[in-house]
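Heads up, there are several structures right after this.
In the two complexes that follow, subunit A is the common piece, with subunit B as its partner first and subunit C second.
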Partner chain A sequence: MSITRITAFLKTWEGLLAVILAVILALNVALAPEFLSVQNQINLFQLSIEKIIVALVMTFIIISAEIDLSVASVMGLSACLFGVLATGGMPGALAILLCLLMGAAAGAFNAFWIAYLRIPSLVVTLAMLIMFRGLARVLLEDRGLSNFPEWFNALGRDAVIGPLPLALVVFLIMLVILWIVLHRTGFGRQVFVIGNNAEVARYSGVRVARIRTALFIMSGVVAAMAGLFYAARLASVRGDAATGFELDIITMVLLGGVSVFGGRGSMLGVLLSILIVLNLRNGMSLLNITGHIQTGIIGLLLIGSVLVPNLLQDFQARSAKQARKA
Partner chain B sequence: MTAALSDMSFDIQPGEVHAIVGENGAGKSTLIKIMTGVHQPDSGEVVVQGQTVTISSTEEAQRHGIAAIYQEPMVFPDLDVAENIYISHKGLGALMNWRKLYADAAGQIAKLGVTLDVRRAASGLTLAEQQTVEIARALSLNVRVLIMDEPTASLSAHEVDKLMAVVAALKAQGVGIIYISHRLEEIFRVADRVTVMRDGKHISTRPIAEVTQGKMVADMVGRAIDKFAMKTAANDHGGEILSVSGLARDGVFRNVNFNLHKGEVLCFAGLIGSRRTDVGLALFGVEPATAGEIKIDGAPRRIHTPQQAMEQGIAYVSEDRRKLGLAMTMPIFANASLPSLRKFLKAFGLIDGDAERRMAEGYRDQLSIKSPDVLIDVGKLSGGNQQKVMLAKWLETRPRILVFDEPTRGIDVGAKTEVHNIIRKLAADGVAVIVISSDLPEVLALADRVLVMREGQQMGIFDIAQASQEKIMALATGQTEAAS
Partner chain C sequence: MLKLKTVVKLGCVAALASTLMAGAAFADAVKAAPGGTANLVLLPKFLGILPFDQANRGAEEAHKELGNKGTLQYIGPTPENSVAGQIEMLTTATTQKQNVVMLSNNAGDQIAAAAEAAQAAGTKVVTWDSPIPSGKGESVFVAQVDFGSIGVVLADMALSEAGGAGEIAILSATPDAANQNAWIEAMKKALSTDAKYKDLKLVDVVYGDDQSEKSYNAALALVDKHKDLKVIVAPTTVGIAAASKAMQDEKLCDKVKISGLGLPAEMVSYTMNGCAPEFALWSFVDLGYLTYYTSYLLATGGIKGEIGEEFEAGRMGKFKIEEDPGRKGAKRVLMGPFTVYNKDNVEAASK
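Let's turn to the complex of A and B:
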C-alpha cells in the first residue's frame, strides 16, 4: 500500500474509525496489559454476540433505506418460544427449527406491509416490536424458564473450534459471507441501488419488492437465531429477554458509516464500529465507568458519527467553492 | 449557455387580460419566476405603477401586488377554506378573531361570484374550487397583477367556464391578469392582448382582434427550421415489430393505435400534459395499460412489469434522469450495468467486475462520455454526459424497441447533436425507436413518422413528408381548422 493510498483511506469514514479503534485499543492495553489476550477478546465478543450477529443483517436493511425495529422483539419471542417448547418436552432440534420458522414468518409479515403495501418500515416494525414483545410476554407471563437441555446450554458456553464458542463462529462465517454478498454480488448491488433510489431500481427492471422481502425474512430468521443463542448463553429466558437491543444494533450500524437515508455503507465500517463499541465498553469498565455513562458516551459517538461526515462535506464544498473563485 | 430569457419586454394594464403563449421552453416559466421573485434577472427591470422595484422573494412580490397561481393549486388540505385564504397574512394577532376571519373570507369568495362554504376543509374541494381559494387568497393580499399559469390544464370544460367567470369578475375589479395557456381557444375567450414568446425572446404583442390562430401558431413555431437537417427520404424499414391497438389507461389516455417497424423512428409529439409519457410507461409496464392490445412480432403480449417489457426487448429511457433514470451517487459502471446485471454475474451471483468495467469503458468511448474513468459517480457528470450514461445502460440490454423520452431535455446543443446521431445510428442498425419529444425541430429532424397527442388522445399519425411544425402544433393545441 502506497502512502497516497493510506492517506486516502484515512480520509474516509472507515479510516477515521480505524484510527479511533487504534486509540481505544492502545488506551485499553495501557490500562490493562492482559486486555489483548485471546480469552479477553472472546469474552468481550460473547457479551454482545447476539447483537452483533443481527447488526450484520441490519446493515443490509439500512443500506436499502429501510429499518427493522422489531429484531429485538423477535429475538425475545424466539427465546421464549424455545423455552416453552423445550421445557414442554419437545425435542430440542424441532424446537429450534420452529423458532427459526417463526422468525421467517415474522420477517415475511413485516415484508408484506413494507414491500407490497409500501407502509413505512419505521411504522410497521415499530408495531411489530410491540406485538412480538406482547406475544413473548403472553407465552411466559411472569415466569422465567431455565431447565433447558444440557446440550443446549453447552452451545452457548463451550468452545467448539479452538477457543471459539459456536455463536462467535457463526458470527465470523456470516461476516465473511455477508461481506461478499453486499460488496461483490448482484444482490448486494441491487440493495445499494434500492437504497439510493428505489424508483430508478424499479425503472431498471430490479424486482424491488422481492429484494425487500428477502431482506426482512433474512432479518427475522437471523434475529430468531440470535435469540436462541441468547437463551443458550444465559441458560434461561424471561419475557423481557433482549428488550431494547434494537437500539444498540442500529447504533453500531450507523456508527459504521451506513447512511440512515440508505444507499451508502460498508461491512468494513460496520465491523470497525462493532469493534469500537465492544472495546470502548471494555475500556470504560476497566476505568470503573458505570454502564449508564457508557451508554451515554456511545450515544455521543453516534451523534458525532452523523455530524462529522456532514461537517466534512460542508467543509469540502466550501473549500471547493473558494478554490473555484480563486 | 443560451439565456433562458432575453430582451423580454411587456406590460399589463389594470383590468386587462394579457395572454402569453409559446411552446414548451419558450421562456414563459422563467418570466413568471422573475416576476414572482423566484429568480433574479441578470439585466432589465420591473416597474410597478411607475416605480422600479426589485423583487427578491415571493413575499416581496406580494407586497408589490404580484401573485401567481399554477396548474396544481397550492392549498393546505387539512385547513378549511377561510384558513387557506388567510394563511399568508401576518399580524392577525395572538388571538384569532375567528368570526371576523370567516366573514371576511366569505366576502372574498363572494367577490369572485362563486358559492363556496368557507368552513369546508380544503381536502374535499375540487381542483377548480381549490383554484378559487388560491385566487381569493391573492385578492385578500390586494393583488394588482395576477399570473395564471396553465390554470385550466387539469379542469373539465364546465369548470373552465366557471373559471372564466372568475376571470371576468377579477377584470371588473381592475386586476391585471397575465394568462398563460396552451389552449388557444381559451385565449380568444379571455384575452385582450396576446404576446408570443419563442426561445426566450419576445416575438409579438398584438390586440386579440388583430390575431388569428394561424398567425399565433406561426409566431410560436417560426424559428429557423434549418437549425437541424430535416429528415429527407424515408428509410427502407424492416418488418413490423410492434403493433398497438386501442391502448388505454383509465383516466389517463385512451385509444392509442400505431405500429412500428425495425429501423423506424416514430416521434410522439404534443404539449406537456398530453400524456405521451404515459403511453411510453404503459409500453414499458411501469404503469400498465388497462385496455387494448400490444403485439410484438405479431403475437399479443402482456406487459405488466418492466421485467416483462425487457424480456420482449423493450427499453425505456426516462425523461427524468434524476428521479427515475440514474442512481446519482453511484458510479458510471454500476449505473450502466444495472438493467443487464445478470449478464455480468458469475457463479454464486458474484459480479464479474472486470467485464463490467470493460463494458462501461466501451460505452464511454463509443458515446464519447466525458469522464476520465468509469468509477466516478454519475451525479458529478454534466447533463449531456448523464444522458449518455442512461443511454449506455439501456443499449447494453440490446433493445429491439427503444422508447426515448425527451432525449435532449436540459442538455447543451453539442450533446444534443450527438444524441441525435446516436438515435439515427440505432435506427440504421435496425432498432425500432420511439422518441417522445416536446421539441418540434427535434421531431422533424428525427422522425420517420409522427404521432400527435393532446390531452390523452391520439390526434393523428402521419409520415414526416406530410408533417410541418404548423400542422403538429395545430393538432397538439386542438385547433382542427388549421390542420388541413
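Let's turn to the complex of A and C:
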C-alpha cells in the first residue's frame, strides 16, 4: 500500500476505528500482563459471543434501512424454549431444530408486517420485543432451568478446533460468508440499493419485499441460534436471558459506521467496532475497573463516535465556504 | 410482640450456648498466619448499595489485620448488568489468576459454569450473602444466618405486625437471588407447618429487582391488588426501604405495615413513625470480615475447605465448616445470629 493510500484509508471511518483499536490494543498489552494469553483472547470473544454473532446479521438489516429490535427477545425465547423442551425429556437435537424453526417463524412474522403491510420495522420489532419476551416469561415464569444434557453444555464450554469453542468458530465462518455476501454478490448490492432508496430499488426491478423477508428470517434464525449458544455457555436459562442485548448489538453496528438511515456501511467497519468494544471491556476488566465506570467510558466513546464525524464534516464545509469567499 | 422478643432472646441464648459448647470442641481450630500472600477479589451482586460497602469494610479490616501481602479488590457490575457482569468479572479474575473470588451470587446457577472453570484454573470461589444454588464450582458458602431460622423470624414479625391474622405479601429482590428464595421457602414452610400462623395468608410474592423505583412501584401495586393486605415482608434492604417509603408517601402506614430485612440507618425514620415497626438484620461488616478470613485461610493453605475443619476468625472467634442443610452436597460456614430492630433499639443502631 502506498503512503497516499494509507493516509486516504486513515481518513475514512474504518481508518479512524483502526487507529482507536490500535491504541486500545497497545494500552491493553502495556497495562495488563494477562491480556495476550490465549485463554483471555478466547474469553474476550466468548463473553459476548452471542451479541457479535447477531451483530453480523444486524449489519445487513440496518444497511437495508430497517431495524430489528426483537433479536434479544428471540434469543431469550429460544434459550427458554430449549430449556423447557430439553428438561422435559425431548432429545436435544430435536429441541435445537425446533428452536431454530421458532426463530425462522419469528423472523417471518416480523417480515410479514414490515415487507408486505409496510409497517415501519421500528414499530413492528418493538412490539415483537415485548411479545417474544413475554412468551419467554410465560414459559419459565420465575424459574431457572438447568440440568441440560452434558454434550449440550460442553458445546458452550469446550474447544472444538484448537483453542476455539464452537460459537467462536461459527462466528468466524459467518463473518467470512457474510462479508462476501454483502460486498461481493448481487444480493448484497441489492441490500445497499434498498437502503438508499427502496422506491427506486422497486422501480429498477429489485424484489424489495422478498429481500426484506429473507433478511428478517435470517435475523430470526441467527438470533435463535445465538440464544442456544447462550443457554449452552451458561448451562442454564431463565426468563430474562439476554434482556437488553439488542442495544449492545445495535451499538456495535452503528459504531462500525453503518448509517442508521441505511445504504451505507461495511463489514470491515463492524468487525473493527466489535473488536474495539470487546477489547476495551476486556482491558478495563483486567485493570479492575468497575462496572459503572466501564459503562461510562463506552458511552463516552459512542458519543464521541457520533459527534466527531459530524463536527469534522461541519468544519470541512465551513473552511470550504471560507476558501470560496477568499 | 412480647412473644417474638422472647423467641429472639431464646434464640440468642441458644446461639450463645451452642457457641460456648462448640468453643469447647474447637480445641484445635486453625489460626490464620498473618503476612501471607493471597490475592482476593470481593465481588458483590452489584455496586452502589450500603450492605455491600459494609461487607467491603469488614474485608478491609481483616485485610489490614492479617497483613496480607497480596491485594484485595472490590469490584462489581452495575445493577442492570448484574448477571452478565458477574460472570464476566469472575472469568476475568480467573484469567488474572486471583487466589479467591468472594462472590455474593446474583446469577443463580447461570454462574456455575464460570465458577467451575475458575476452580479448574486454580481460582477458588467462596460465596457469601447469596450462594450458588447447586453448589457447583463453590468452595464454601459463608452464611450470614441459618436460612431456616430466617424464615421463622420473617414469619414471626409478620404475625406480630398483622396482629395475629390477615393477608401478607412478599416483596423480594430478583427472582433468581438464591438467598432471598431460600428465605422465602423457609418462611412458607414455617407458615404452613406451625399452627400459630394459621390465620396468616400469604397472597403474593413479587420482585423489585433490588432497584428502589421498581420496588417502590411493586409495593404500591401490591396494595392496589390486595385490598385487605396487612403486611408486606421485604427480605431485602432495598425492598424494605422502598416499600416503607411508598406506604409513608401514600399515607398507608396505618393500614399496611412493612417488615423484613433492613439496615437500621435506612429504616430508623420508618420504624419511629410506625410504617415499619419491626425488621431484622445481621452485620454485613462482620460477614465481610468472616468471608475474608475464610478465603485467606483457603488461599494460604490453612484450611482445605472440608467438612469438619475448624478455624479462628480474628475478633469473631471460632467457626466450623459444615454441611449446608439447605443445599445437598454443599458446604457452609455459619455466622449468625441476627438482631431484631424496633423503636427501642433502632436509633442507637443507626448511628
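We take it that the second predicted complex is superposed on the first by the 321 of 326 C-alpha atoms of A that agree within 3 Å, B and C clash if a C-alpha of one lies under 4 Å from a C-alpha of the other, contacts with A are read in each partner's own complex, and residues count from 1 in each chain.
Rule of thumb we're sticking to: contacts are C-beta pairs under 8 Å (C-beta built on N, C-alpha and C of every residue); 3 or more make two chains touch, one makes a residue touch a chain.
Bear in mind the structure is a predicted one, so any value in this text is a computation, not a measurement.
Look at subunit A after the overlay: subunit B and subunit C fit there side by side. The partner of subunit A that touches more of its residues, comparing subunit B with subunit C, is C. With both structures placed on the common chain, the touch criterion links A:Arg318 to neither subunit B nor subunit C. In the superposed model, A:Glu34 lies in contact with subunit C only, and not with subunit B.
Of the two partner chains, subunit B is the only one touched by A:Arg189; subunit C is not.
Once chain A of one complex is fitted onto chain A of the other, the partner contacts of A:Ile180 are limited to subunit B, with no touch recorded for subunit C.
Look at A:Val206: by the touch rule set out above, it reaches subunit B but stays clear of subunit C. In the overlay built on the shared chain, the residue A:Asn197 is in contact with subunit B alone; subunit C does not reach it. Seen from the C-alpha centre of subunit A, the directions to the centres of subunit B and subunit C diverge by 130°, a value given as a multiple of 10 for the model superposed on chain A. When the two complexes are overlaid on their common chain A, residue A:Arg238 makes contact with subunit C while staying clear of subunit B.
The overlay of the two complexes leaves subunit B and subunit C separated by a minimum Cα distance of 33 Å.
Across the superposed pair, subunit B and subunit C touch subunit A at no common residue.
On the side of subunit B, the complex with subunit A involves touching residues 284, 286, 306-307, 310, 316, 318, 323-330, 334, 338-339, 341-342, 344-345, 348-351, 353, 393. Across the complex, subunit A meets subunit C through its residues 34, 37, 39-40, 43, 47, 142, 144, 146, 153, 156-157, 233-239, 244, 281-282, 285-286, 288-292, 295. Chain contact summary for the complex, subunit C toward subunit A: residues 46-48, 73, 75-78, 80-81, 84-85, 87-89, 91-92, 95-97, 108-113, 117, 121, 133-134, 175-176, 207.
The touching residues of subunit A, counted against subunit B in their complex, run 180-181, 184-187, 189-190, 192-193, 196-197, 199-207, 263-264.
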